[in-house]
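As written, the chain order gives the labels A, B, C, D and E, with residue 1 at the start of each chain.
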Amino acid sequence: MSGPIEVAHRESSVLRISVRTAAILLAFTLVFTALMAGTYKATEPMVAASALAEKLRLIGEVLPPGQYDNDLMADAITLPPVPALALDDETRLWRARRNGVPVALVFEAAARDGYSGRIGLILAVNANGRLLALRVTSHKETPGLGDYIDPKKDKNKALPWIAQFSNMGFDSVPPKKWRVKKDGGRFDQMSGATISARAVTNASGRALAWAMENRDKLFALPPNSRFEEKEP
Amino acid sequence: MSALQRLFKFHGGVKPAYNKEASTGLPIAVAPASTLLVIPLHQSIGGMPRPLVKAGERVLKGQRIGGADGNASSAVHASTSGTVVAVEMRLMPHTSGLAALCVVIEPDGRDEWMERHPFDYRSASPTQTRDYLRDAGVVGLGGAVFPTHLKLNPGKQGKLDTLVLNGAECEPFITCDDVLMRERAETILKGAVIMRELLAAGQVLIGIEDNKPEAIAAMEIAARAVNQAAGDSAMKVVAVPTRYPAGGAKQLIRVLTGIEVPHGKRSTDYGVQCFNVGTAYAVYEAIALGQPLLSRIVTVAGNVSGARNYEVLFGTSMRDLIALCDPLPDSDRVIMGGPMMGLLMPSDDVPVVKATNCVLVGSKKLFPPPPPEMPCIRCGECAKACPSDLQPFEMYWFSRARIFGKAQEYNLFDCIECGCCAYVCPSHIPLVDYYRFAKSEIWAREIEKEAADVARERYEFRLLREEREKQEKAAKLAAKTAAGREKAAAALAEATKPAATPEEDAKKALIAAALERAKAQKEQVHPENVSNLTSEQQAEVDAIEARRAEIREMAKPHLRQDD
Amino acid sequence: MNNSPYFLKPASVQSVMLRVLVALLPGIAAYVWFFGAGILVQIVLASVTALVAEAVMLKLRGKPLMLFLSDGSALVTAWLIALTFPSIAPWWLTVLGTLLAIVVAKHLYGGLGQNPFNPAMVAFALMIVAYPLLMSQWPRVDATDFAVQWQAIFGNRQILDAVTMATPLDALRTVLRDPEQRAMIGGLLGTKATFGNVGGKGWEWIAAGYFLGGLYLLQQRIITWHMPAAFLATLCVISGAFALHDPERFAGPGFQLFTGGAMLAAFFIVTDPVSGATTPRGKLIFAGGAAVLTWIIRTFGAYPDGIAFAVLLMNIAAPLIDMYTQPPVFGHKDKRGGPP
Amino acid sequence: MFEAILVMAFGAVVLGAALGYAAVRFRVEGDPLVEKIDAILPQTQCGQCGFPGCKPYAQAIAKGEAEINQCPPGGEEGIHKLADLLGREFKPLSAEHGVEKPKSVALIDEQVCIGCTLCIQACPVDAIVGAAKQMHTVVAPLCTGCELCLPPCPVNCITMEPIGESVETWKWKYPVFKINPAQREAK
Amino acid sequence: MSAYKEIAWNGIWKQNSILAQLLGLCPLLAISTNFVNATSLGLATILVMMLSNFGISALRAFIPYEIRIPVFILIIAALVTVVDLLFNAFLHDMYLVLGIFIPLIVTNCIVLARVEAFAAKNGLRAATFDGLMMGIGFVWVIALLGAVRELVGQGTLFSGIEMIFPTLSGIQVLPEGYPGFLIAILPPGAFFVLGLLIAGRNWLDARANQRMREQRIHHQAEHPTDHPSSAPA
């Protein structure tokens, strides 16, 4: 490759080489940007469909699809960062209904006092105020120590730790007992890794209490409206 | 007196078993001369002396047989009267087991002195005095054999604060300085007086390790006498703590004055100079009695039942010397020097030389082979023991891995090879051997590199010259007749024609160039001045150059301790 | 025939290592007294594993077997592993840790004298990352029954819950994380609680045992004062400063020094010559740095004790520290003199 | 989308022009690598590598036109150093270029020399002195041992004398490891 | 054909991007937590390498020396973007797992290195083949690394395969009660396993060299004398 360049150096002035390289780079840029744009356009619908499926799958973790018949994505409202849920940004809350009758609320919450920062949760609360299921969506707990809160990492596959919250409500476990055993509550924890379990338990309790309190209002709000907490 | 002197400490050091009692029981005896005296010409640091005698010549005791080569060299003398039987290569008292040029003298038993004249140093110029000492062959007798006349120079200021006499003698087994001080304290101090005058030194500190109380007592009496005679208190005998290597020149200077003389610096720049007590004795003999250095006190110790100090003529075979002391039957080696720094001799039939302070007979029992070498665990014992404040284990890593640049960065050349590090090493690593190896490799490389630089320069110069000649020739050729043009064309064709093999091509080109140049030579004189010299002249010039280089090179390894 | 020096001081790697082992005995005695004889089982397990692994590796690497096997370095590593692992850890945990230490951390790096990292600390770090739960289960002070501990080590993990408890450091960590319980820290470190007066019941006496052994090593001149002094002083100063600033959130120097592996580290772990700094100033920096990191990891880290990580991090830095702290050599320091 | 393409295009033009300009303006002349290679070569100027001297060989190595194993005087050690410098793989000395010999100097038998000056012409470092019809002699310290003076001599009066070891040039040997590795199974 | 053989040998073993050149370690270490993830990223890398080698070899006549690096990067980035979008569209689960590491293929030095060292100087077929072989060299190492880490870390193999082939599922290789050597899955474990793989390669190479040397010595020893050889040929 050095041959032609040597010749070029002898023949061309600095300006001519600069213009030439600029033009060639421009040409390449246009061609390959076009290639990227084309692929983007072509895959756009599939990508959107995948994103939707992803959302539904996450909801499906806590609320089986068979329990409702409405279009969850359409029947959703916007939640501001409510203190009880310890969220930092706006989130969506989905309302499941069967034959128009409220079945469950699905929403996200967080625990800020995990061992290594924030633990993200998603939970489904049914119309009777029971916690249908609880899942951890994101966490940074110590691997092998605190990460059993995530059923994928829990050694006990048959009955993961987090499953003990399924179908629990304040009618079965009074709010005062909605704690880990170490703190005098109902729920188990692993010795040596109390902090993660305590964070998840307390956060779920707070979220459940909030959902119970605002249940009617949340079901009543029109789709795609914004939930506003009562002025204190 | 000694109580008044403030002492300093040097870092590190060890306390090996001293084993000195065996050889101090009896007074110094004179060893008989061997049937043949083998006197190496090169017995000091510096240039190799020229032989002054031929085989068959009769020599008198004290006659110069080797003349100092330049100033940085020292003369060698016949130790007794007799006949020179050969000037030839003989085995040297050196670990290498190599031979060097020696004068072999067959003593006639008459021990007939040449004429002796005291030297009046007071009326001589300092240069004359130094030349006299050089020709008297006086060198440092602590073991490093550095020419004494080079050190008897007060330096830029013309005077010194302190003259240190080294009587510390820290190596185990060796007692030659000890007995010399016990028996000949007065003479030593007379030598010290001369040295003090030559150096214009303010005080004389005589450092003696405190495990030699007799020597300290003897020297104190002698010093008091000298002080009384001079009416001052310049001579001070100082007992220094017994710790190897307190007898290292730099360590002793540090202990007595607190001054640390850095590697590569002259101690006179710091107002202090250090000599061995034996050297002071030799200086006195040379100047006051006119006797050149012919003999020295040698400790024979180790695996012998009759360890003792002898006054030994240089050239005496170690074998004969050892025989005087009843060596034990399991003796298996001879070491010149002490057990910490001594050199292993290739044979017991090597001559005693100026550097021989001790002939140590060894055996497996006395000096058992070291336990197997284990890996270094960086325990730092060596660093704790190093009197030069080095990090021996770091130098070891790099020497072992042949990363010499890094070894030098860790100040490899500040190492005095005292052996303390190897002595304390729990892994039994022969550390000093690694440093010796690294040092000699580095020196060799340095010399190689210098040679390569010279070669490169000369080659480039030659190319330049050839180019210029070619141009001049081309100009001449162009001006010549058609025949000349033809020839030039032929030469050009020759040069551009691809040859069958590169060798042939090169050969042809060389011959062609040679022919051309031969022709050109007739018309013009070479601008080069080298070719105007006769070969003899050139050879002489270059031989001098070579010797200088040799001196420089040799001066490096031996600048250690005990000057 | 060898060159000078021709005679050597009667010193050997073996005698150094043996004296280190002897120095560990007081600490081990206290350990047995307070936490039961399970630790002895661990020491035997680790020692046997270490010797076997060492022998196999030596054989594979073509080194003289008996010479190196008898140098004692593998035993020192093994004992340190046993002493830093929980004494009721399952047997395979100790064996695996020891194997990793000897095979990976020691021999794969070139064997004795060549390992850049402290093998015992490599074992600890690897095992606590791999099995954090098992490495956090320590025996209760009141459950020292040997039979129970034996069972815990060799199989029956069910009995564990009854005999384990959090270490003082673990408890401290848990308390520190929870704002509601922070006030408890006074109680945790106070006189009456489950723990001892200074570093947790039992723990402080083990630490005192190590301290005693450390003094012996100092007296034998196997270690110099630099490392232990720098480690303990730095830990003391940094924890003291923070405890003064906010005694509700930070434990004081007494607790930090006398709990966990601090004392063991100060005299036996940071002082490992092979993987540590060697110059006098370097030793101070090395041990001081290890103490700072230990405190940081203990206070803010994810695992119970931070010493292993702190020491390994400083191991990496050791060559650099050595390079920048070379002591001036003879004649090159600026004392008296200098050319006139 | 259009905006994105515009930004990319703008970047392409600016960068392309800048790089074209820089390529012409900041071209590096000369090659310090040659100097580094030349420093490793032994400067015997013997031409055994197939180049007319050490410098040309160094240039050829730098350009990738020559292998690093063509210098017999430099020996294995020289090849190792070159390999380290250039990040190439070590190769044993190429046999066609010669073998590593102990360092020697040329010696002219002055009885036989006819004073033809051919060796003087051949010596690359001007280490032979003499004039036409005069006896020549080799200045030993300057002689690189290249052997180039041997072939031109019409009377074969030049011999190569190996430089022996003396007490002064003797080198301490690498300390021998005292531990013998355990016996490996003989294969 | 021997030129192609050499390309293949270089890519798979001698110049192996990971074991010999240690290039592209970031995705390698981050993604090789299990076999399926590792292989998926490796396949994506093969795709990118083949395409970029092909593209640049085809366009090499039009690329001036001065701006070759920006053009190479541009082409590689464009191709990676395309691959990223395709993953997003057709293998969405995998896309979520691999996350940032598909875009990071752009910065995988091995891609740029092959483009610069090979594709820019060679013909279409050879360049594409080189991309394939270098990619295979990358894949087998990353797959092995993933498999070892997965096996040691959690005792399974092929976990997560359902993301690609919904009908398949992972295998529990070690007993159910295997505690899992967690560190193998964590980043330090990646370094350990990679270190061991490199050591293994060096060992094999050293052994091969040794054998070659021995053979040469045998050869030299036996050739001058015309005795029949007793040693293995």
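Here is the rule we use: a contact is a pair of C-beta atoms (placed from the backbone, for glycine too) under 8 Å apart; a residue touches a chain by one contact, two chains touch by 3 or more.
Just so it is clear, the model here is predicted, and its values are computed rather than measured.
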| item | value |
| --- | --- |
| Third chains touching both chain B and chain A | C, D |
| Longest centre-to-centre distance from chain A, chain (CA-based) | B |
| Dominant interface by contact count, named by its two chains | B-C |
| Length of the line joining the C-alpha centres of chain B and chain E, rounded to whole Å | 62 |
| Centre distance in Å when chain A and chain D are each reduced to the mean of their C-alpha atoms | 67 |
| Distance from chain E to chain C - Cα centre to Cα centre, in angstrom | 40 |
| Centroid spacing, where centroids are CA-atom means, of chain B and chain D in whole angstrom | 35 |
| Touching two or more other chains - residues of chain D | 12, 15-16, 19-20, 23, 179 |
| Shared interface positions of chain A, touching two or more other chains | 17, 20-21, 24-25, 28-29, 33, 143-144 |
| Shared interface positions of chain C, touching two or more other chains | 64, 67, 129-132 |
| Contact footprint of chain D on chain B as seen in their complex | 42, 92, 94, 96, 98, 100, 370, 372-373, 430, 433-434, 436-437, 439-441, 444, 448, 451-456, 458-463, 502, 506-507, 510-511, 513-514, 517-518, 521, 528, 530-531, 533, 535, 538-539, 542, 545-546, 549-550, 553-554 |
| Footprint of chain E on chain A - complex, ascending | 1-2, 5, 17, 20-21, 24-25, 28-29, 32-33, 35-36, 39-40, 43, 46-47, 50, 53-54, 143-144 |
| Residue ranges of chain C in contact with chain A within the complex | 129-133, 136-137, 161, 164, 166, 170, 174, 177-179, 302-303 |
| Touching residues (chain side chain E, partner chain C) in the complex | 179-184, 186, 188, 192, 199 |
| List of chain B residues in touch with chain C within their complex | 10-11, 14, 16-17, 95, 157, 250, 254, 258-263, 265, 269-271, 333, 335, 337-344, 362, 366-372, 374-381, 383, 387-391, 393-394, 410-411, 414, 419, 422-428, 430, 432-433, 436 |
